[in-house]
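Residue numbering begins at 1 within each chain, and the chains themselves are lettered A, B, C, D and E in the order written.
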């Protein structure tokens, strides 16, 4: 295991809201803040649009972790999308944990359009964390079966 | 007690208050009761009630091929009362479409346990009465205990556990069909463009199906256990439901089926909902 | 609710009257004070500037002792002491590494939960009603200038005690005695504290500014809650000025009828008698 | 069968340096459905766009993926290009290989590999894109302007003069705002009221303007071109139709000792009052909180003396509902409250300046009232405590601004100018007096601004001290201002103590109280300070992220008068532009319901922030109700997709971000 | 003299098979229920239950069969469909289970020969256990055979006195296996057979004609309302063989799967138009009965039911096909077939007119 984790490069699929975190990631870019290339962002209108099934599909396609990120409470471009999302995740992540998906592979954050730095630091942090966890082989087993 | 039950049914049908009464009927043994549909006042003697009446009859209330245009009388244990509350809350029918004949058993499933009529007539009254009855006592402690056992495991162990359980799933959807809350015209598992959940009875599809099924019951499942009882392969689906119900209770201080007038937790929010898990 | 009493070195020396007044005030108001057995120097001014770990270890030992002796809070009358105890505690509460290091240094376990540390004002505040009822000699007409200095309220983020720029707690206590706090501008200015020996001149300059403003605002006396402030202000009064400087506990003591002698008022350099007559 | 074209942009060095663009193009060429893949230095350039257009025509492309910068940057550009080549613009997607890739990754291999995947994701998405067509919605040609300060007045007049109807709502009894309180204005020192009041009168008289003063916006629903606005007309207790504005009531009102808001508490007013002489409308209101009649039931003098019987104690709040096509928010500013601090905003306040316990420590607007001919002192500079003319006045800048420790981090911007003006006005009125100004920097970037400051210093001899004030305390009737002059020698600079008679604090400009609540009503954003956020800081400064709602004046950020007026005219121009057509087009990113699958639980209705979900009844031939199902009002829908994720049977989908598209995108990441 | 298998040798038999590299499938207890499944070791065999939860059909006609896998390339599609089932010994089935195989053979071999099914059949040796007990759901005898019938089995084990099974080699495949594992069998005089026969519960001969005659009948209106519409009965049935072929995968490729399907699902007959010729559970039940006892019988000369009773034991609402057959038997006796040609049309109109409760 150690040997594999050593050179193991995790794949992290991120679902970002267009208005805050995607813009925040843009800002990280315009500010030339460096972070690991393991993250792959999918742009959506709002965290309120992000369905639990997206996360499952991400794991199906071999994600070692998923990240959902959007506007801070109160800042939702659509006023309340992130509040509804927050409830959805509160339950769903617990359900995933209960049905055997390590919560450290199911990540959530609020990153505003102004938090380019937070974004780059976040990505660096979770990439390290997931690298330490190693590849999500147990789920791969289910997918392949 | 059974006479009172039949009397109510007789009146309702006799006075034309309802076109149909759904209740439990006598089977080959007390353990073997089954749902009956009574349309004539003189047939109410087919109704029985005992601790072994476990089918959740509310499941029929959304069956378009069964429901008459008129009102329906429903022999309603606390499980049915709560189910109806959720169904009304979710606009599936107006409260006055269903006349509840409230019944309850002190210890469901226990030979000779006392059964009685509930006092409440309206849904609101019965919600309150049922809430009162259930206060303090958790009907499904064994389930709660098994949930705790699972929680004590590592994620890997849990995944292995469910992998094994789900491997038996034959996708007969008895769990779904037995559940009053699964009233969708087209279940998500039948959506194939794009396909949400693989329909083959294989590990991935089985995992997706059972997880999503449980999630779709968030804030809606009233814990009647019909799904688990219906499962011919003995998969402990009630554990998933119980876990979700508990999270909803702990996070949003909400339990399904006690008040049909409040907004459902998964369609509402508080600005101060918990969010420690969000970085 | 047992309160541990941590006099600290000043109260055994220059500020003996502070100690006296506290003890008899506690008696008068019957507040239980249990002196922490085997307490040690808080390391104020010197230690934390010379060796950081030492600056933490000294308060740590006293706090650990207090906890071990089943004391739920610590009353450290000396502003420097309370300041050090609180500041040090804050450091290891926030950092497990530091805690471990300190525990190794003192070879004792630190209490998991923070032990509340109260300065003189903080100690009296909860008993304000008690004081009001206990007042037998209301100090009506006595104009007092409450002086905080720096150690009681700074650094604000660590001490989180009162408003660093415009504190009012001492006034609240003083007012309970019937005295009349004056509004003045130097309540949180520095008195020179640690420079008492090294740079007397600047201390004199600083003290003068404070005392002059207090007098200008009509104060009959200055009230302090810190031995260092007291020493400086009492000792270094400008020519022709004789503005008594009392400890808050002395003021309250007077009001509740404790004899001036018992309060150690005779020990002051600037005579008090006239002001309290 | 899809025919996708992929265009990889080098963005000069920006992408090309870290991403091997030719390799990405080559890889993309191998993706199923891709018939054309090229790379080029600058895709957004004319030749670049030309390549796309040509490829669309020659290769008969059914979809386009441009891998370049962020879609938030150039999506409109490339979609327009596609449209020009006859391809539906919504069949064009962008892969963000600059902000999300080349700029944030160093290792070329990784960056290139990631770019390839990002392109694959978009290819898979665009394959499933559908041609979408802008949604047309009718426009109600009536604008709502919220706030009757100079910005609101300017916006209202410009729109009205453009021939469109305007509803102007002001929460105070009169329009005019803060500008009406000012004495002279920098840098010309012309009299504020003299230039403002004619505009106020013009508003009142304008046939196209409906004016609601002493009124507030109660609720707003609807969407661009079609807002429904409910306005609360607060009970004035005076029938303004009958009232002639003779002022007798105010003269006779026995309740005379109420601090006047208009005079910033330096003057007094009666319980029934008009805020100031030139108020528009010049009709009084009764301040029920202070009126004896309302407090005790006795009195009633005003009613007795009113010659036309206009006073009506029984009056209640009423509501008017207006159909509105566009909204201009011009709620303006207030000053930072140095007296109480602003704890609810996590702002400490200035204990060292006495929290307002010193009468003679005042803020900028109070000084304006002292200096104003219409003010409580008739324009004489007299200090509040004892009415003496102050010999020495100290002005302190950056109070509550540029001060992360105690206040707000932003620069309040106008203070440098108005303090210079104050110093000047003071010197003009108290010739022998001295004006000290503590400053951090002098920010006088504006036409004739720096010249103005120099005049204050050089001609009027204001003493400028570069440094902060650490404490204000009293000595006798004097205020001792202790601070530092950092230009005096020594690393720490020199301590200075000034014995002053009066101190003026240049407190920071803050957005009006209640701005957050209003923003929620309008569903527009605001920043950490409460300033309303514009759609783009540079290119869309007067628009908000909610279509049809525009910003004018200090509600969007600190502004002086010319800037506020300029932005107001800008907002007005936007409104007129919007009203220039009878219909308008909206981006067609909206949700759609598959009614045959909907079971009518209406979770969607409950999560929709725009009330865009409607109920539709399905009946059989006999007319019996079969089912109630959801329906999306495309006009209201803003396309957030909350309903989609909430629908258990997944009977709703979102155009442009459909289920199938997202699943395929995820697939692209395998 | 007969060939015997001592009960204690049962495990030896299985171990032998395993050593001979057979996959051994038999009843085993998992999570409280007894299922047919591959046995890890002989000890896992569990014969406590009269009958397993699942039927043996899934070892010939699995719940999900991969027909082929595909990979989507730039232009082309790469297909892989190699298939070789493992050699298998299937032990512990009942006569009813074995009989189902005979019927399924006809179905899967009728026009197109289903290679997956038959390869598995060939690779599998079926060792059946005659029943020494029955329960209220059993009705093999009503279907004209019995608990020790040999059809479909390769070897039949009949429990007998003396703690042994009488071994009947039914097919060559069976004989071959016996030869392969001879040392576990013994020659001897068998004790008396211990076979339990459930009583006959209805007259099969009457059922088919009645069903043919009564497409419309009050029974349909009243007897099937409680059906939940799940697939338990059909999925646990050894005879039900409906399947659906679906392509499952993502943008990269996937598999074409043959999955069980059930006539009890609303979707089963749902047309693209949205019209459903079988709008209600009752009509789906009617289909189930008519398929089993009319259409199938007509086509293959035998009923698509073997009376194993699984559908009855597993029905969440205890809707029993046996009860209904008994009822139909009674109805048939009460109203014997009218002369050919006469059809009770009128009925149709009447029930269509009544409320939706009765619409099927």
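Everything that follows uses one rule, which is that a contact is a pair of C-beta atoms (placed from the backbone, for glycine too) under 8 Å apart; a residue touches a chain by one contact, two chains touch by 3 or more.
Bear in mind the structure is a predicted one, so any value in this text is a computation, not a measurement.
At the far end from subunit C, in terms of centres built from Cα atoms, lies E. With centres taken as mean CA coordinates, the chain nearest to the overall protein centre is A.
Comparing chain pairs C-D and B-E by the number of C-beta pairs in contact, the larger count belongs to B-E. Centroids of subunit D and subunit E (each the mean of its C-alpha atoms) stand 72 Å apart.
With centres set at the average Cα position, the gap from subunit B to subunit C is 67 Å. Inter-chain spacing, taken between the CA centroids of subunit C and subunit E, is 91 Å. Once the centre of each chain is set as its mean CA position, subunit B and subunit D turn out to be 50 Å apart.
Touching two or more other chains at once is no residue of subunit C. Residue numbers of subunit D whose C-beta contacts span two or more other chains: 596, 607, 646, 663-664, 667, 670.
Shared contact sites, meaning residues of subunit E that touch two or more other chains, fall at 250. Against subunit E, the residues of subunit D that register as touching in their complex are 30-32, 124, 596, 663-664, 667-668, 670. Chain contact summary for the complex, subunit A toward subunit B: residues 52-53, 56, 60, 73-74, 80, 83-84, 86-103, 107-110, 122, 138-139, 141-143, 145.
Interface of subunit A with subunit D (complex): residues 11, 13, 18-19, 22-23, 25-30, 32-37, 40-46, 48-51, 54, 57-58, 60-63, 75, 77-81, 84-85, 88, 120.
Taken together, the subunit D residues at the contact with subunit A in this complex read 70-73, 96, 98-101, 103-107, 110-111, 113-114, 117-118, 121, 520, 523, 525, 545, 589, 607, 609-610, 638-642, 644-646, 654, 657, 662-663, 665-667, 669-670. Of all the residues in subunit B, the ones that touch subunit A in their complex are 147, 150-151, 155-163, 196, 202-204, 207-208, 210-212, 214-215, 218-219, 240, 243-244, 247-248, 251-252, 265-271, 273-275, 277-279.
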